[in-house]
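Structures for review follow.
Shared between the two complexes below is subunit A, which pairs with subunit B and subunit C, respectively.
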Partner chain A sequence: MKLTIERATLLAALGHVQNVVERRNTIPILSNVLVSAGDGQLSMTATDLDLTIVERVASEARQSGATTTPAHTLYDIVRKLPEGAQVELSTGKDDARLAIVAGRSSFSLPCLPKEDFPAQTDDKLPTRFRVAAEDLRRLIDKTRFAISTEETRYYLNGIYLHAAKSAGVAMLRAVATDGHRLAQVESPLPDGAAGMPGVIVPRKAIAELRRLIDQVADPIEVSLSDTKMRFSFGQTVLTTKLIDGTFPDYQRVIPSDNDKTLEVDCRRFAEAVDRVSTISTEKSRSIKLTIGKDRLQLSATSPEAGSASEEMEVSYPGDSLEIGFNSKYLLDIATQIDGDIARIDLADAVSPTIVRDLGDERALYVLMPMRV
Partner chain B sequence: MVIRRLPEGTVNRIAAGEVIERPASVVKELVENALDAGARRIEVTLGGAGRDLIVVADDGIGMDRSDLMLAIERHATSKLPGDDLMTIATFGFRGEALPSIGSVARLRIASRARGLGEGWAIAIDAGRVQAVEPDSQPVGTRVEVRDLFYATPARLKFLKTDRTEASLCHEAVKRLAMAHPGIAFTIRDGAHAAVTYPARPENLVDGRLDRLADVLGRDFAKNAVSVDATRDNVRLTGYAGLPTFNRGNALAQYLFVNGRPVRDRLLVGAVRAAYQDLLARDRHPVVALFLDLPPGEVDVNVHPTKAEVRFRDGTLVRGLIVSALRAALASAGHRASTSVSAQAIAAFRAGIAPSGTIPFAASLNRYPRPGVAEAAAAFQAPVSAATPFAPAARINEPAPAAGFPLGAAVAQVHETYIVAQTERGMVVVDQHAAHERLVFERIRRAIDGTGVARQILLIPEIVELDAVDIERLLARTGEFAELGLVIESFGPGAVAVREVPALLGEIDLKGLMRDLVDDLAALEEGIALRDRLEQVCSTMACHGSVRAGRRLTIPEMNALLREMESTPHAGQCTHGRPTYVELDLHDIERLFGRR
Partner chain C sequence: MAKEPVREDAAEHPRRTPGLVGHSAAQSLLLRRVADGRLAHAWIFSGPRGIGKATLAYRFARHLLSRRDSGSEVSLFGEPSTQSLEVPAESSVFRLVAQGAHPDLITVERAYDEKAKRLRGEISVDDVRRLTPFFGTTASGEGWRVAIVDSVDDLNRNAANALLKILEEPPERGVLILIAHTRGAVLPTIRSRCATLTMAPLAASEVAAVLQGHVGDLDPQAMAEVVTLAHGSPGRAIELAQSGGAAVYRDMVGLLGASPKGLDIAAVHELADRASHRGNDEQFRVLSDLLVEWLASMIAAGASGRAFRAIIEGEEGVAEKLWRSRGLAQWLEVWEKVRDRLVQSEALNLDRKQTLIDVFLSLDHVSRA
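So, the complex of A and B:
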């Protein structure tokens, strides 16, 4: 293999794939990136066995071939090369070393045979559709905060994507929960997604996907089976295994008869929660909401740190109510609401509470109160 | 197959299998009999670790000839006057010990009843009465057991080494001696010097402490706090070792119920719970606790050797032990064990003075070692102005130490340890460990004050468990709810967790429930939950406390010392390590050969 490529192009491509590679691996080849040149393009593949990213860039190789080399080292080298440098990548006869030459710098990296690199199996991914990049970003952004980090409940360690009907309209729905709160966001169901199975996309794949599609404008090609899912955009293809588990029947925990409706100015509410929670103790972060006619008082007390309270005007017609929440959970949800007004539907101090964005019918959050 | 009634001898041997396991069981049964007979002095003699000979002699009320004949019959006893098993006030009551021993060994009982002029002796050999004859026995009873288990050679094979069996016999006497300070005990085993526990004033607090010191060693007496608490008609007395005076196993926990030594799960669990945040998980406290309650409140008839008992109101007993121990340890406040300072003293070495003459050993070294030469060069080099010489310790005039147990701070050394002068010596405080404990206690007080905030779960966690385990868990729902964990039954074989302590955030509930179940089964105490909560508090305390390496001013150091004096458990950090050591002036003087 022998080719010359512009540093910026190589850096961008490596930057996309190298994040997948774990810093420490028990299988040496997983630390490597598969670099292969031919047919007018250079492709780079990185995997952690669950998640694989392939990136292709146009590059005319003088001599085609492929090898694998430590991903993080290669990335660090290219990153430190001067801007505008032309980088020459070449392997010797026996493919044991990869030589990187740019100007007067030259490096030689150890290689492992490309045959040892985990091959991508060509599974059948029967469901195919295109989703607007903006919609996918929104589905991820507004739900990922609620993904569970507790490994024993693996089936909650991702976002549940599935087709659902909402008020008679078919929707692509994303749901995440950690057992304490839940986020549910929808976007119109793309053509071809109608028969899709419900899938749980793991947290790491979500994080990588979101990072990679940040600047993407074109629609994203999605294809999936019930064990694998692939996202293709630009020169990048991301393939992930799906979490093999059953997502809980989340609709049962979303109440439909919460009759006490509180409307707050979302930005002011978030600021007030943030201020008052300064007092609540480090770990449990509890905060109390005392709601009366058109008045809301937020308060927190801690025998250590003192007490705080703040009042704000709200729209609330119902009976007065006292309810406790984890202030971090409240803030997390308040941050997701883009509109001015948040609508909070309550039942009582021990039942699930629903929070909605008044300007966005397609997002809904459920939060469980705290007993304080 | 023909069913037949077993002969008396076989029946007795079967019973002996339960009651008489090893020489130590014989010793225990016989000493208990002596105690029941109102003896003031009991002498135990062992030969061949009890295998060849066990003699227990007492000065109790004794038996006359007819009693003696009956004593060796099975289910014959003087100790169950009303045939009422509900109110047992004596050690024995089954009437099984003597016939059991008699069926597996050569037994000779000589006794003279108080007020009678003549003594009698009876000899039994593997269950058969050999002779009844007059004897010159003084008032009291003397029981001789020879060739134990000669009639059941199988059992003989299962005995451990002489050393182990002898120490088990000693242990059996020790336990009974602890419970009866007023009675003198002597043990001779032929191999070692006789061990004597002189009679101490009966039922006086001091007498008991003296006896405990006799048995457990002087260190225990110095490092124990007295416990005395009563709830309803249950009274707990005894001594609890300071947390810094700990052991690697739970063998040094002596528990007595109405004077009877027991090894009971409930009691062991309660002790564990009381010491929970004071000791690391693998360290165990030393305690001697005596529980007195009306005989009707406790069932001792559940175990052949009575090592286990059953309480009518276990919760009350557990609660009493935990709260009494906690209160006693809290009152001990900042006391750290004296064994800690003893170790510290032992660690001191007389300094080698830098004198002009080269020591003999050094002159043998023909070539100077390079390390020494370099060090010498560095030492002789002029101190550069760029690196100002920092004092190793900042020394200050001590404020008057009167009235403060931890004295007045004098200096901080290595920016880690506070040296303070007390009235009778000096203390060295580990500032981080001490402050960590103070912060921990403050956090815990805060939590106790407000209660544990509970996060209600949106999706309850269903945990599958054994039906027995579920029973145990559900019996404690109230207690768990106070700690923030709300569980309820979820069909057979599962529980639903509805609310969790907010402090723990997202946790592995299945793991927690399994740990809780294990704790309940082993100790009848849900330690795991408290453990997790304390771990969180402990981490918070660690982050929120003054680190080693932080410079403190004298007022700051004094403030720390004063707070330590007023905070419970300030003598040890959350892992049971001491937060300070105290050096007595006396000890310091000894170090310098002034005394």
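So, the complex of A and C:
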């Protein structure tokens, strides 16, 4: 293999793939990135066995070939090279070393054979559709905070993505929950996604995908089977395994008959919750909402830290009610709401509560109360 | 980069070993079960150390991981469509497994301790918990997911309980292979949830064949000694050959032969020094095993009146002399004590040299009375 490439192009591509490679790896080949040149392009592949990323950049190789070399070291070298440098990558006869030459710097990195690299098998991914990058970002952003980190309930360690009907309209729906709160966000169902199996996309894949599509403007190609999912955008292809489990029947926990409706100014509400929660103890972080006609009092007391209370004006016609929540969860949800007014539907002090953005009917949050 | 954990009781890691000598019945049983579609979700491969349990486990894993069930034809009489577990060494499945980089295979073994610069003494609960996300994730291919626990004997109590959790809710299209050097020592709750494949020690000729392949230039005399001492375990034979086990054995019998007239203290120190060298774990285990086994066969020979099976010259005389110095009950007690001392010294991290000197001194003391 022998080719010359501009530093910035190489750095951008390496920057995308190197993040997938675990820092501490007991398996040498998994610390490596597969670099392969040919057909007018340079491709770089990295994997942690669950997640594989391939990045392709146009580059005319003088000699095609492929090898694997430590990803983080290669990235660090390229990062430290001066801007605008032309980088030459080449392997010797026996492919045992990768030589990197730029100006008067030269490096030689150990290689492992490309045959030992866990390459992606050519899978059959029958369902294919294109989703707007903006929609995908929104689906992720508004739900990922609710993903569970509890490893024993592994089937909650991801976002459940599926096709669903909402008021008779077909939607692509993302749901995440950790058993205490739930986030459900929808976007129009793309063409070709109607028959898609419901899949749970693991947390690490979500984080990586979100990072990579931050600046993407073009639609994202999605293809999936019930065991794998692939996202293609620009020069990047990200393939992930899925979580092998059944997502709970979440619709059962979304109440439909919460009759007490509280409407609050979302920004002021979030600030008040944040202020009062200063007092609530580390562990439970509970905060009490005392709701009366058009008035809401937030309060917290803790034996050690003292007490706090704040009142605010709201719109609430119903009977008075006292209800407790985890202040962190309340804040998390309040942060997701972009509109001015949040609508909170309550039943009683022990039943699940629904929070909605008055300006966005496609997002819905469910929160379990705490006993206070 | 973290150093790759080294499996101490094998010259080569079994995941890189292409062939398997013997165990044809075990192999055909596994093949038949897969072909029938009646493969148990968890297996215990049990048998003495070094006979090829892990080698079979990896061989079987490679076979499962290379299967393409969807297209293959099911035979009318449930006969295996393939006659062997063999997966060619140049195939990608073999290469990935050898690297420890196959996405659908996970191995739980004693982890390498960065701080202490050696393998941990046991498998901890965190090591076992890696299985939950592994089985909670879809397979990368279209086939099986395989986990190998090497070995169950190394699991600590919490790790064993964590493993039980996984066995209680077996994953779909997943196989757990547990390697057990002592089946009786496996928790009954684990044992009852697994199918057992009992693997027998190999014949002497088979051991010799494996040894030849690994060590090569050994004179016939030493070869015969090592093969006899290995009791049908090629792994042990290789270990003995590489650590000079035959010489250790000779020295050990020499020391025992000096009792009761007078123990050569300098020689005891020299042998104990050699066997307790830090970072040389197998030396200590080789000597402890040899000593405990020698005492056992001396007692067995004495009590049954049969001839002691001598491996080196003059050995039967040593056995005879020692046997006569005490009664059966006392010897049994001594044997048990010696065995417990040696096991304990590892478990409690005692000074190995002191332990060995102490054991030889107490044997000397017993034989004098």
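One rule holds in what follows: the second predicted complex is superposed on the first by the 372 of 372 C-alpha atoms of A that agree within 3 Å, B and C clash if a C-alpha of one lies under 4 Å from a C-alpha of the other, contacts with A are read in each partner's own complex, and residues count from 1 in each chain.
As a convention for this text, a residue touches a chain if its C-beta (ideal position, glycine included) is under 8 Å from a C-beta of that chain, and two chains touch if they have at least 3 such contacts.
In this text, all values refer to a predicted model and were calculated from it rather than measured experimentally.
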item	value
Touching partner for A:227 - first (subunit B), second (subunit C), both, neither	second
First, second, both or neither for A:152, with subunit B first and subunit C second	both
Which of subunit B and subunit C A:179 touches, first, second, both or neither	first
First (subunit B), second (subunit C), both or neither touched by A:368	first
Subunit B and subunit C contact sites that coincide on subunit A, given as residue numbers	151-152
Touch list for subunit C against partner subunit A, complex	1-2, 4-5, 92, 95-96, 98-103, 112, 129, 132-133, 135-142, 171-172
Subunit A to subunit C touching residues, read off their complex	24-31, 47, 49-50, 70, 115-119, 121, 151-152, 154-155, 157, 202, 226-228, 241-245
Footprint of subunit B on subunit A - complex, ascending	148-153, 177-182, 248, 250, 253, 281-286, 301-304, 324, 326, 350, 352, 366-372
Residues of subunit B touching subunit A in the complex	442-443, 445-446, 449-450, 453-459, 461, 499, 501-503, 505-511, 536, 540
